[in-house]
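Okay, so chain A shows up in both of these, paired with chain B first and chain C after.
Let's turn to the complex of A and B:
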């Protein structure tokens, strides 16, 4: 188990991480989501010992690692660019850590070969042991890089955007593979990514990082359905976010006035999941438990199992509506065609002026 | 170029256009013509001519084209010439070793420990600054440095390290080696520093992370990746040192004769056949050295 406390790092006076606290459990898949420049790579490099922290502590199973040199930490770091050694074969790359590490190197050639062979099997590289690095595809390099780290049996394996350089098809396969390999070894993975779908799909828990601060640490389901702040809601990329002022249980935005869920007082942000919005005729009747806004159609995007429709509100803001084709038939709209967008009031998430989620009855029940 | 467009539909019965003629298909080789001609006339022909002349008959005042092995036999049966060949090889090996021993650490510093690309460039340019003066001045400048009354002897005497000036510093093999190392070390530093600067930091970080100590990282990762640079540098230094005559002439007082010096002397006394023999021997030695160095590292794979 790793405890990170008050970790801070600045580059040339520009803060990259500010007071980061995080605890990483044994045997878990932890994903770390953040936009580029959020400090997620810096956090990983500090943990690996490739950069030195300005302040704060990193403890692993009680031992202080904050200033330990990288080669004595016993952690694994899978580089984004794979960083395979070009002068060595696949097997020699994987064996490097076992043979040449400072702490407890394995000098018995048969033992090295046995462990390398086991790892080659696990990551699915059988038959490629003798290949040179230049003869491998991107996906194979990824596997070699992973095997090279995992064979040293690190306490925690740090992965820096491991799927970033792979094409879509391969990425989906590696998503499943990474989880399988992790479960087979029982090692903790700390997977850094800028892709919200990846972070949600792969993590047992996920951390959302922005501007060097941790915004939320929760299960992916909780992060998705109850983002702790407006910024998290934005990174999850599933919410229409409207900002305005509220008074007397109603949310005011320009000329429009929207009902807030019961129990919500002062809201500054109003969030609606893309798939919680319905597209109605302009003059359609509205149930009491629903709210609506007029909008004009801009464009739609067909995504296979679902269609995304983009609408413009009277004040110019864009609303995204997602309709799953298993539940709705696609509809055809002309550009600028007027429609009314409606949603159940209880589906609304409200955030206060500081951007923090205001809990309401529905969320109370969910938690 | 409509004839080669793929979207032309051929109507049945109409014959497809004939395959472009041999000349049209191989037109791009014309690009090579100037280079090939130049090399043929000014490199290949003279080399063959040199080989041919080395078998001509040389008399004291004349040379004629009757073929004979006499110059070759003289060259290899005379101690002076065989010794010059051996001396050339010995000095080459020493200078190569010293330029590597001095150049590699310098290149390692520039290529790996200077993070700023601008500073890297400035340092490499600084290595080249001595080349802003002429070759002869660079070589002759060693005389007031190494001579009996030279700077080194004066300083050593002043500090009482020695009581008599060391006379072995100048006009010996040592002074030739010192001069050559100083001139050629930069040709070793350049290519090695270039290769070292190209090594991706992530490789070194990966090795650190896998638990390797800095020494292991150097031995297993950095040094193997710099080998192509070492080969290129060694080829530069070898070719120049093996063909040297000016440094040895200026710093040895004509006491240390290399193959290059022999060629200059023989040409000066119009002994063309003999000079040609020495020239062929030198060319063969250089070719063997380069082939051997290329064997050591597969440049095509590494670069």
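Let's turn to the complex of A and C:
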């Protein structure tokens, strides 16, 4: 169990982290989502002891780690670009930490070999033990890097965009592998990523970080269906976000006004999930519990199991609509063809002027 | 097309001239070293081909009016001095470059202070050192005052070489090692040093060769027991005989032999690494 409290760090006066508080539980997969420049790598480096915090505390199982040197923290750090030791073979890379660490080094060669062999099996590198680093593919390097860290049995394994340098196919395989390996060892993973799909798919819980602040810590399902702020909704990359003003239970945006879900007062942002929007004929009748806006078609993108349609609203804003092919047949539209986009009012998420989610009846049920 | 051919001719001529000027002196020296002795001098034409001057250098020629080269002890001194300078300067240069990986207060001042050692004219530095030694009552010796100046001179070269090496060194491997629980000292020994070793070799080569034929600083500070460049210069004062050229050819051959051994060892280790990986790939297949 690691507790981070009030952590702050600035580089040359520019704040990278501002008052970050976070608790990392034992035996969990925690993903940390943030855009580039959000301070996510800085947070990881502070935890690993590769940078010194300006303020705040990092505690691991009660012990204060804030100013402990990196090699005495008992944490693992898997770097983005693998950072393998180029002068050594795969097996020597993996054995390095066991042999040479300051605390509890393993001097018995047979014991080292046994643990290395077990780890090589676990990460699926059998047969490559004697290879030099230059003879490995990207995915294999990733596995060596992971094995090298995990064999030292760290209390928490920090992973800095571990899948960032892999191609899409391999990335999907490693996603499953990482979860399997973690569960086999029962070690906590803190996985930093800029990819929202990765963060949602892999985490037991996920942290959303922006501009050096923690915006939300929740299960991926909650982050996805009830983002705490407008910014989180933007990072999740699943919402159309409209901004405007509200009065009398209606949301005003230019010449249009839209109904708000019951119980929502003063909303400044109106969010609609891509897949909650329907595409209707321009003159289609509208049910009472739905809202709509006229729009013109721009383009569509075929993504295999689903199609994404882009529409332009009269005020120029772009709306994305996602249709899953298991539920709808694809439709063919000409550019600039007028359509009416409609959605159920209860699917709307509203955020106040400060960007915070306003809870409504549906969210109450979900929670 | 025609223009291109003309340009090629010009470039070829330029290259030929370049090579002629680069190796010409050495070729002339090598030819003259086979001059007949002891009557033949360091000029053309060759009276008759002989190995007399080689025998003379090695001390197996019959006694003649030409005094033997005073190289025995001077050569030993020069080699010891160059070796010691190489060790000290390379260690200092590597450690300083390591310090310069992080920016620290006054780092640019310290940088120029170090570089000064190779910028100041050697004659001035040698003379200055001689005067300081005189004032302080320190005897001038090749292993004392001259050694210090050799280090002052070669240390900036080692420092610059290592600075360039560290400049493109990926620090994330060191961070990876620390995160595995390995102390910074062990990390430097086991990870950093093997990776920068080619650079260290270059720094050693620089320090050794610069020290081995250093002249102006040594001239003023070595005292009466001289090094090989000074000893050779001393023989010029009387008369130049082809035995100098024979000596030059022998030392060059010695250097070539060392380089060849180095090259063969490198090629062998590369081939062994390749063989190892091929063997592995066959096992996997």
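Quick note on the criterion: the second predicted complex is superposed on the first by the 367 of 367 C-alpha atoms of A that agree within 3 Å, B and C clash if a C-alpha of one lies under 4 Å from a C-alpha of the other, contacts with A are read in each partner's own complex, and residues count from 1 in each chain.
Here, contacts are C-beta pairs under 8 Å (C-beta built on N, C-alpha and C of every residue); 3 or more make two chains touch, one makes a residue touch a chain.
Here the structure is a predicted model, which means the values were calculated and not measured.
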Chain A as common anchor, with chain B and chain C clashing or fitting: clash
Partner chain(s) touched by A:25 [first = chain B, second = chain C, both, neither]: neither
First (chain B), second (chain C), both or neither touched by A:114: neither
Which of chain B and chain C A:102 touches, first, second, both or neither: both
Touching partner for A:87 - first (chain B), second (chain C), both, neither: both
Partner chain in contact with A:127 - chain B first, chain C second, else both or neither: second
Contacts of A:135 with chain B and chain C, given as first, second, both or neither: second
Touched partner set for A:70, first chain B, second chain C, both or neither: both
Shared contact residues on chain A - chain B and chain C: 48-50, 69-77, 79, 81, 83-87, 96-97, 100-103, 145, 148-149, 152
Parts of chain C lying in touch with chain A, wherever the complex brings them together: 170, 172-173, 175-184, 186, 190-191, 194-195, 273, 276-277, 280, 283-284
In the complex, chain A residues that touch chain C: 48-50, 69-77, 79, 81, 83-87, 96-97, 100-103, 127-128, 130-132, 135, 145, 148-149, 152
Residues of chain A that touch chain B when the two form their complex: 48-50, 69-77, 79-81, 83-87, 96-97, 100-103, 105, 145, 148-149, 152
Contacting residues of chain B [partner chain A, same complex]: 200, 202-203, 205-213, 216, 220-221, 224-225
